[in-house]
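Look at the two complexes coming up: subunit A is in both, with subunit B in one and subunit C in the other.
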Partner chain A sequence: MRDGMAWYDRLLNIDRRWIYVLMALVVIVPAVRPFTVPVGISGEVRAVHEAIEAQPAGGVIHLAIDYDPSTLAELQPMAEAILHQCFDKDLRLVITALSQFGPAMVDELVTRVATEHGKQRDVHYAFLGYKPYPAITILAMGSDYRVPFPTDYYGTAVDAIPMMQDIHNFSDVACVVSLAGGNVADMWIQYGNAKYGVPVALGVTGVMASDYYPYLQSGQIFGLLPGVKGAAEYESLRERPGQASRGMPYQVTSHLLIIIAMIVANVGYIAQRRAHAGGR
Partner chain B sequence: MEANWGTLLWQGGAVFLTLAVFSFLYADNPFYKFAERLWVGVTTGYWTMLLYHQGFRDKVIVPIVYEQKWYYLVPVLLGLLMWFRLSPRLGWVSRYALGFYVGISTGIFIPLAFKTAIFLQVEGTIRPVAGFWPAVNFTLALIGVVCALAYFFFSRPHTGVLGVMSRTGIYTLMIGFGAGFGLTVMGRVALLVQRVIFMRDYFVSLWGSLF
Partner chain C sequence: MKKQIPILIVFVTGLIMVLQFFVPHAASEFLFTYANDFVIVIGILALPLGIFSLMRGTVIKARKDPRERFYAIVTIVGFLVMAIANFRRDSGPDSLAQNLFSYVMIPCQATIFSMLAFYIASAAYRAFRVRTWLATVLLVTAFIVMLRIVPLPEPFSSWNSSLVQWILAVPNMASKRAIIIGVGLGAISYSMKIILGIERGYMGGDK
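Moving on to the complex of A and B:
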């Protein structure tokens, strides 16, 4: 019977809905009373920033926006920060979207940021759009962008796009930055980097991040933006706070709650174990 | 957020759906079911049309009908064979297409998988480094990798040196899982935060528009 429970049993049987209520309360705190959080810059994030920063005006970057709305919260701030950086530096961008629910979202984002910088489609950037089967698409792009993408997202023949005249395959781009919310990241490593040797950097969700650090150490990727923290670091490097930096205070309050919940649960667990051991 | 009534109406719908999804945290309910089915319906419709336009039209209709590239009929035929999976009696026919697909994909995949997941990873683990801290990191990573592998070595009892290595391997794995958990929490919270910021902005613009 619940009323007869020992205190440690009560700690271990807290209704999960109380945790949700507490979580709702702690994320409301920064919404009502905003504060800033200092963000340290890690080497793997700095590497991506420096690689793009090192490109001369007119250099070509392939930005692969391979996520969909389900991972937008973590990856869109990265895409936005990188787009700002590339347009600020007058780089040319080849943009693709290898997630089926991504293209419309990418179109909205790229058009908005390009307009903000006074950049023109087909002159400063080309958005080739989406094709199914990412592995096959990446392999084909390594041969020629025109194989998987005879036309761009808007139906213009790629041969008719002024910016694409001297861009044929990965040999013509300085690097690929893939912002991926799924296993497309693996395909860029396997088919983009290993087969064609194009330098690849990744921006991935927090859930995926720990899986991709080994590729950083082995040099298969030259940089990594892990989750919303990576995005916030990138925004800090750009000295242009955006959605990720705005979300960091929420991360602090919610992580504090989770840490407290873990301590409470562990105290209950240890006490229960001791009580059971003493009773034997 | 732009504060005109049209936007507020659309964004209001998004706020309602967000709250409907969150309501599942309390218990399953009709609001959640409505939001779930709406999402499934919209995504299915969107993806179907996208596959038709980006896949079927570009890879079948345009090359064959408009450009008369007849060799495109071969993959189309292989694709059609796949539909025989639906027939219990003629299902074996689909194996020709599957065999072709598996053969091609493994031919490409296996050498690259060896290179990326084994050779380059081993090379990355034992490559020479310069400097004090890189050397410390390298040593820790090497010890961690060897000990984690020892934990999965079951041909001998985990006693003595192997026992120590195995225990160190467990700690290494626990640290890895802990880091993964922390990042996962961060990712999940990011999704929540994005919706909270969206709703906050919505209510602020609604308040500004009304008063």
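Moving on to the complex of A and C:
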């Protein structure tokens, strides 16, 4: 039956399992033959980098690591690059994790990067941990960090943390950078920025990025890191290639496959339409 | 009374919370904090109900269908192991909870999410076809935006980058903004209907 098919029908009826096999093969290519991808820097990524870069030593940044393991591949490189930048510049970090699967992951990441820079918990950074209901938690933090977080992730009273002595709410931090794989990003805009006026920047997954450009133009967020590309741009700005820069070749090969699949399907579709029109 | 009292509670609470949002006073902040404690308490009370529901549903499914038994056992064992591991308060990098999280939870979630690459490739092959002029616009836009990832020779790379910026900053933003404002207005009207007692779905219907 299939042998009698016209070439364009064959192009239109490729079994999806072949596409799966091809995708598996193309994502293996960069692992076998590594290559680098040049990354242009966009304004929205540069804005986040410059805002942190402009802080004096001892300045306070709130890093909200609001993703869970499902979006770790896209968002963890951003978290890592920002942590490196803040510790390089001797900034102080208030870190929260408003995704329920986040805290253990954040603890591992922050401890590793801080150790690398010789930074101490409670002196150079405070990890307050997780609380349910992100909207309520953000609103409460705007009032006082101690309301939703009387103790930090490790059970230490926030009042007993040396770094937190002069930090009470959003008016004591220069900005909030939220790395979110879900709607927590909206909550930071709606409650953190709209109610308390704290400058907010976001790091989001590639598919979420287009949703947040309106907030960028309106000034409700001052910067945006979109997906792996955004993270790779940030790493380029830091001149410190990391996971995202290593991940870009995989993005390139998989995107190329998708583009080729679209072209193949449309060549077949147009040829089929012409053949049917000619046969009438 | 069965209807009037809940409607009155919702009306008063809703009104207070709306007013509270716009009043930057210590008393208002206290009220807000106090009200939020109620939300957390209610959430905690719902937790045993959720656990009971999960266990009950899993056991019933396993009893009815022998093919489901293996998955039911995995669910129950997984739940109990994670619960017991997390009751212990040692949160160090070598704790059981951290290891289960790092070596079971993270790979499982990352695997499920990475499967998207396969489905997106298959969906792009089937869905992006020049059937109508609107579908063609969608196809061309997707093509241009995806090309941004691919390193093209100059000046094509700069042209494409500028075009993508324009797509994101003009047509994308116009449509997204319209959707956001529409959803916002819808949420406000729905909330007002609840506060004023017109929408009573939360009480289990109008009867």
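Simple rule for what comes next: the second predicted complex is superposed on the first by the 279 of 280 C-alpha atoms of A that agree within 3 Å, B and C clash if a C-alpha of one lies under 4 Å from a C-alpha of the other, contacts with A are read in each partner's own complex, and residues count from 1 in each chain.
By definition in this document, contacts are C-beta pairs under 8 Å (C-beta built on N, C-alpha and C of every residue); 3 or more make two chains touch, one makes a residue touch a chain.
The structure presented is a predicted model; accordingly, all values stated were derived computationally and were not measured.
With both structures placed on the common chain, the touch criterion links A:G219 to subunit B but leaves subunit C unconnected. Of the two partner chains placed around the shared chain by superposition, subunit B and subunit C are both touched by A:Q251. Once the two complexes are overlaid on the shared chain, A:Y154 sits against subunit C while remaining clear of subunit B. Using the contact criterion defined above for the overlaid structures, shared-chain residue A:L72 touches subunit B and also reaches subunit C. Touch criterion met: A:Q100 reaches subunit B, while subunit C stays clear of it.
Of the two partner chains, subunit B and subunit C are each touched by A:S210. Shared-chain residue A:H276: touches no atom of subunit B or subunit C.
Residue contacts after overlaying the shared chain place A:I28 against subunit B, while subunit C stays out of touching range. Look at A:T111: by the touch rule set out above, it reaches subunit C but stays clear of subunit B. Annotation: subunit A residues 20, 23, 27, 72-73, 101, 132, 139, 195, 210-211, 214, 217, 229, 251, 254-255, 258 touch subunit B in one complex and subunit C in the other.
Interface residues of subunit A, counted against subunit B in their complex, comprise 17, 20, 23, 27-28, 31, 72-74, 100-101, 103, 129-132, 135, 139, 150-151, 189-191, 193-195, 205-207, 209-211, 214-215, 217-220, 226-229, 243, 246-247, 250-251, 254-255, 258.
Per the touch definition, subunit A reaches subunit C in the complex via residues 14, 16, 19-20, 22-24, 27, 37-38, 40, 42, 68-73, 101, 104-105, 107-108, 111, 132-133, 136, 139-140, 143, 147, 153-155, 195, 210-211, 213-214, 217, 229, 248, 251-252, 254-259, 261-262, 264-266, 269-270.
Partner subunit A is touched in their complex by these residues of subunit B: 25-26, 43, 46-47, 50-51, 54-55, 58, 105, 108-109, 112-113, 115-116, 120-121, 123-125, 141, 176, 179-180, 183-197, 200.
Those residues of subunit C lying in contact with subunit A across their complex are 21, 29, 32-33, 36, 39-40, 43, 89, 91, 93, 97-98, 101-102, 105-106, 108-110, 112-114, 117-118, 120-122, 124-126, 128-131, 139, 142-143, 146-151, 157, 161, 165, 168-169, 172-173, 176-177, 180.
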